[in-house]
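In the two complexes that follow, chain A is the common piece, with chain B as its partner first and chain C second.
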Partner chain A sequence: MSNLAVLPILIPLLSGIIAALMNRKQRAVRVFSTIMMLVNLGVTAYIGWYVFQNGPVILETGGWKAPYGIILVGDMLAILLVITTNIIGLACVFFAPKSLSEKQESFYFYTFFFMLISGVSGAFLTGDLFNLFVFFEVLLMASYGLITLGGEKVQFRESIKYVLINLFSSILFVTVVSFLYSVVGTVNMAQIADRVQDVEQKGILTTIGILLFFVFATKAAVFPLYYWLPKSYVVPNPVVSALFGALLTKVGIYSILRMFTIIFVHEVDLTHQLFLWLAALTMVFGVVGALSTNNIKLIVTYNIIPAVGFMLMGIGIFTEVSIAGTVYYLIHDMVVKGALFLLVGAIAYLAGTSDLRKMHGLIHHYPVIGWLFFIACITLAGIPPFSGFIGKILLLKGGLAQDQIFIVIIGLITSLLILFSMIRIFIQGFWGEKDESFQPDKPKARAFAWPIGFLVFFSVFLGVGAEFVYPIVDEISNTLLDPSIYIESVLKE
Partner chain B sequence: MEIVTSILSGILFATGIYNLLQKQLLRIIIGTALMSHGAHLFILTMGKLKRGKPPIIVEGVENYVDPLPQALILTSIVISFGVTSFLLVLAYRASRLNGTDNMEELRGNENE
Partner chain C sequence: MRTNDVILRTTTTLIAFILLAFSVYLFLAGHNAPGGGFIGGLMTAAAIILMYMTYGMESIKKIIPINFRSIVPVGLLIAVLSGAGSFLFGEPFLSQTFAHLHHVPIFGEMELATAMLFDLGVYVTVVGITLTIILTIANDQ
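Then we have the complex of A and B:
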C-alpha cells in the first residue's frame, strides 16, 4: 500500500513520455491527456481518502531503510496540495486545445505539461532535500519549455531572464544543501531535523536557514526577489500562465513552510521577525504593481505577489491558527489564481486586446464570463462566504492573538486594494455602453467558460463547504507545529 | 586543503557573478557555467577531502572517501549541462530574432 505515494509522480511522467511518442496524432493526444489527467485525479483522491483514514503513506524507494534511501512522504498536507495541483491540471487540459494554436500544441505541449505536473507533485511529496532540488529542476525544465512555446520576440526576451534567475537560485540551492550536509552529514529532511537539535553551533544553522529561505523566496517571488515574475508570466499563452501562476510560486511557499516547521525550529525569533517584515513589504509592493498598470494580464500577475505575502505572514506569526490560515490560503490561492489567469486569457482573446482602456461593455456579449470573473474577484479579495475569507480571517486572528497589529493592518489594507485593482477590470471592461460594431465570438466564449466554471466552482466550494475542509486543515497545522510527529513517522524509531 | 578549494570556489563564484552582470548574452552564460563549477567544487569540499581511497570496494582497503557528495555532484553536473545547452540555444534564437546579443537592446511589444 505504501507504493501509493509514488503514483502521482509516476502517472504524469509515463503519460508525458507516451504523449511525446504519439505526437503526430494530435487529436489522439488530446483525448489521451484528458483521460490520464482524470485517472491521475481519481488516484490522488483515493490516496487522499486513504491518508485521511490510515495516516501518512511513507515509501522507502528501492527498499532501503529510512535515512539511507530517498523517502517519499505522503502526509496530509502534501496529498492535499497534489490533489489541488491535479484539479488545476484537469482544467488546463480542457482549456488548452481552445487557446493554443495548432502549431503550439503540436510542439509537445502535453509532454511539457505532464512533466510539470510530475515535478510539482514530486516536490510536494519528497522527504529528501537533494531530491527536492531535482524535482525543482524537473518542473523548471518543463516550465522553460512552456514559456518559450510559440517563440515570439517578447517571449525570448522574458524567458532568458526567467531561465537565468532560476538557474542562479538553483546553483545557490545546491551550495546551501552542501553547507547543510557538512554540518549535519545527511540530506534526509527527517534526519536533518533530528540532528539539528544536537549541533552545537546554532549560528551556522540560522545562516543556512536564511540562505535556504532566500533560495525558496526567489522561487516564490517574495520581496525583494520578485522582479523577474510579472512580465515573464504575461508573455506565454494563457494556459501556461495559469499553470505557472497556480503552481510554481506555491511550491516555493510550501518548501519554506516545510523547512521552517520541521528543520529550523530552534532559533525562531530572528527568522520569523524577518519573515513578517518581508511579508509586509511583499504585500505592499505587489499591490502597488497591480494598481500601476492597465494591462489586465499584468494586473492578475501582480496579484500573485501579495498572496505570497499573506502566506509568508502566516509562517512568520507561527501559531496553530496562523499556520492553518496559511495552508487554507495556499489551497484557495492555487485554485483561484488558476481560474483568474484562464479568465483574463479568455477576456484578452475575446476582446482582442489586453489593454483595459480599449474595452467596455463586454457583459452584453459574454454574460457568463463576466459573472464568473466577478465571483473570482470577490473570492480573491476575501468577501464572505467565499474561500478567501476563511484563510484571511484565520491569518488575521493569528496575528491579533500575537499582538502583531502592524501586519494585520497592512493585510487588511492590502485586501481592500486587491479588490480595487481587480474590480477595476470588471467595471471598466464589462460595464458601459454596448458596442454595436463588436462581433462577439459566442462559441469560443462557451468553450472557455466550462473549465473556468469548474475551477470557480471549486473555489466557491472551499468557502461554502468550509466545515468539510477546515478540520483537515486544522489537523495539518497541528502536525506541522509538532515536528516530532514527522520525524518519528519517517525514521520509525 | 579544504581552505584552498574553498578559496578557489569563492573565486569561481565571484567571476561567475561578475560575468552574470555583463550585457552580452554569451558572457552571461559563461558566468552561469563558472558559478556551477564553483558550486560543484564546493560540494566536494564540504564532503571533506583526502580521507582515503576512491569509493570502489577493493579487498584490503579500510578507508574510502565519502561517496555521497560525488553522487550529488554527478546529478548536479548533468542538470546544469542540460540547462546550459538549452540556454545557449535560447540565446542563439533570441539574438537571431532580435539582431543583437546585447541584453539591454532586446525589445518586444507586450500588448500584442
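Then we have the complex of A and C:
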C-alpha cells in the first residue's frame, strides 16, 4: 500500500506526457485531461481517507531504507494540501477551454498544467531536501512555460523578471542544501532534524536555517522579497494566474512550515521573532499595494501577499493554536485565491476591461458572477460563518495567548483593509446604473460560473463545515509541534 | 555563392559515424564506467547536429524523418513506465532489478538491469530536447 504516496505525483506526470503525445487532437486532450483530473482527485481523496484511518503512508522509493533513498511522506498535512491542489486543478481544467484560445491550448497547455500539478504535489509529499529542490524546479519550469503562453510583449517583459528571481533563489537553494549537507551529512529531512536536535542547533545551523527561510520566502513572496510577484501574476491568462496564485506561493509557505516545525526548532527566540516582524511588514505592504491600484487583477494579486503574512504570523507565534490557524488559513487561502483569480479573469473578460473606473452596473447583466464574487470577498476577509474567519480567529487567539498584541492589531487592521480593497471592486464594478448599451455575453458567463461556483462551494464548506475540518487541522498541528512523530515515522527507530 | 566544402563533407561521414558509435558505447557502459543516458544522448545529438551543419536541413530531414519534438514525451514515457513497472510486482515505485543471462551468442555472460530501460528513457528525452532547442533556434528567421 505504500505506493499510494507516489500516485498523486505519478498520475499527473503520466497524463502530461500522454497529453503531449496526442497534442494534434485538441478536443481529445481536453476530454482526457478532465478525466485524468477527476481520477487524480478521486485517488487523492481515497489516499486522504486511508491516511486518516491508518496514519501516514511512507514510500521508500526503489526499496532503499529511509535515510539512504528518497522517501515520500504522505502525512495528513501533505495529503490535505494535495487534495486541495487537485480541487483547484479540477476547476482550472474546466475553466481552461473557455478562457484559452485554441492556439494557446495547442502549445502544450495541458502538459505544462499537469507538470505543474505534479511538481506541486511532489513538493508537498517529499521527505528529502534535495528532492524538494527538484520538485520546485519541476513546478517552476512548468510555470515558465505557462507564464509565456500566448507570447505577448508584456508577458515576456514580466516573465524575464520572474525567471531571473526564481533562478536566483534556486541557486541559493542549492547552495544552502550544500551548506547543510556539509554540516549534518544528510539531505533526508527526518535525519537532518534528528542530527540538528543532537547538536541543539548551534550557530551555523541557525544561519543555514535563516538562509533557507529566505529561499522559501522568495518563492512565497514575503516582505522584502515580494516585488517580483504582482506584475508577473497579472500578465498570463486568468486560468494560469489562478494556478499560480493558488499554488505557487503556498508551496513556499508549506516548506517554511515544514522546515521550522521539524528541523529548526531549537532557536525559536531568534528565528520565529524574525518571522513575526516580517509577517507584520508583509501584511502592511501587501494590503497597501492592494489599495493602491484600480486594476482588478492587480488588486487580487496584491491580496496574496497579506495572506502570506498571516500564515507566516502563525508560524512565528509557534503554538498549537496558531499553527492550526496557519494550516487552516493555508487551505482556505488556496481555494479562495483560486476562485478569486478565476472570478477577476471572468469579470475582466466579460466587462472588456480590468480597469475598475471603466466598469459599473455589472450585476444587472451577470448576477451569478456578481454574487459569487461577493461571497468570495467576504470569505477572504474573514466574515464569521466563512472559512477565512476560522483561520484568522485561531491566528489571533494564538497571538493574544502569547501577548503579541502588536501583530494582532496589525492583523485586524489588515483584515479590514483587505475587505475594503475587495469590496471596492464589488461596489464600483457591480453596483450602479444599468448600462443599456452594454452587450452581455450570457453563455460565456454561464460557462465561467460553473468552475468558479465549484471552488466557492468548497470555500464555503471549509467555513460552514468547520466542525468536520477543524479536528483534522488540530491533529495536524499537534503532530507538527512534536517533530519526533515525523522523525520516528520516517526513520522507524 | 556556395563554397566548396568537400573536406568538411568527407570528414563528417567518418566523424559522425564514430560519434554515433561512441555515444551508443557511452550509453551502454553507464552502469560500470563513466557514461549513461544523459551523456550518451548529448553525444548522439551532437553527431546529428554535425550532420545538419554539413549537409543542410533538407537532406537530413529526408534521412532522419523524425519530429524531435514528439520523441521527448516518448522518452519520458519510457522512463516513467520503467519506474511504474514495479507496481505490477508489488514493489515500491522505481524499484529496479537485474538478471544474469548465460550462453548468449557472441557475448557469453551478460548482466541485464531494468535500470537500462530508465536510462533509455533519459537518452531519448535528451536527444529530443537538445535537437528541439537547437533546430528551433536554427529555423528561427
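One rule holds for everything that comes next: the second predicted complex is superposed on the first by the 491 of 493 C-alpha atoms of A that agree within 3 Å, B and C clash if a C-alpha of one lies under 4 Å from a C-alpha of the other, contacts with A are read in each partner's own complex, and residues count from 1 in each chain.
Everything that follows uses one rule, which is that a contact is a pair of C-beta atoms (placed from the backbone, for glycine too) under 8 Å apart; a residue touches a chain by one contact, two chains touch by 3 or more.
Keep in mind that this is a model prediction, so the values were computed, not measured.
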item	value
Partner chain(s) touched by A:62 [first = chain B, second = chain C, both, neither]	second
Chain B versus chain C as contact partner of A:355, first or second or both or neither	first
Most chain A residues touched (candidates chain B, chain C)	B
Partner chain in contact with A:137 - chain B first, chain C second, else both or neither	first
Chain C-contacting residues of chain A that also contact chain B	none
Touch list for chain A against partner chain C, complex	2-3, 6, 10, 13-14, 17-18, 20-21, 59-63, 111
Chain C - residues contacting chain A, complex	70, 72-74, 76-77, 80, 84, 87, 91-96
Complex contact set, residues of chain A against chain B	130, 134, 137, 141, 144, 148, 151-157, 159-160, 163-164, 167-168, 170-171, 174-175, 177-179, 181-182, 187, 231, 234-235, 295, 298, 353-355
Residue ranges of chain B in contact with chain A within the complex	20, 25, 28, 32, 35-36, 39-40, 42-43, 45-48, 68-69, 72, 75-76, 79-80, 82-83, 86-87, 90-91, 93-94, 97-98, 103, 106-112
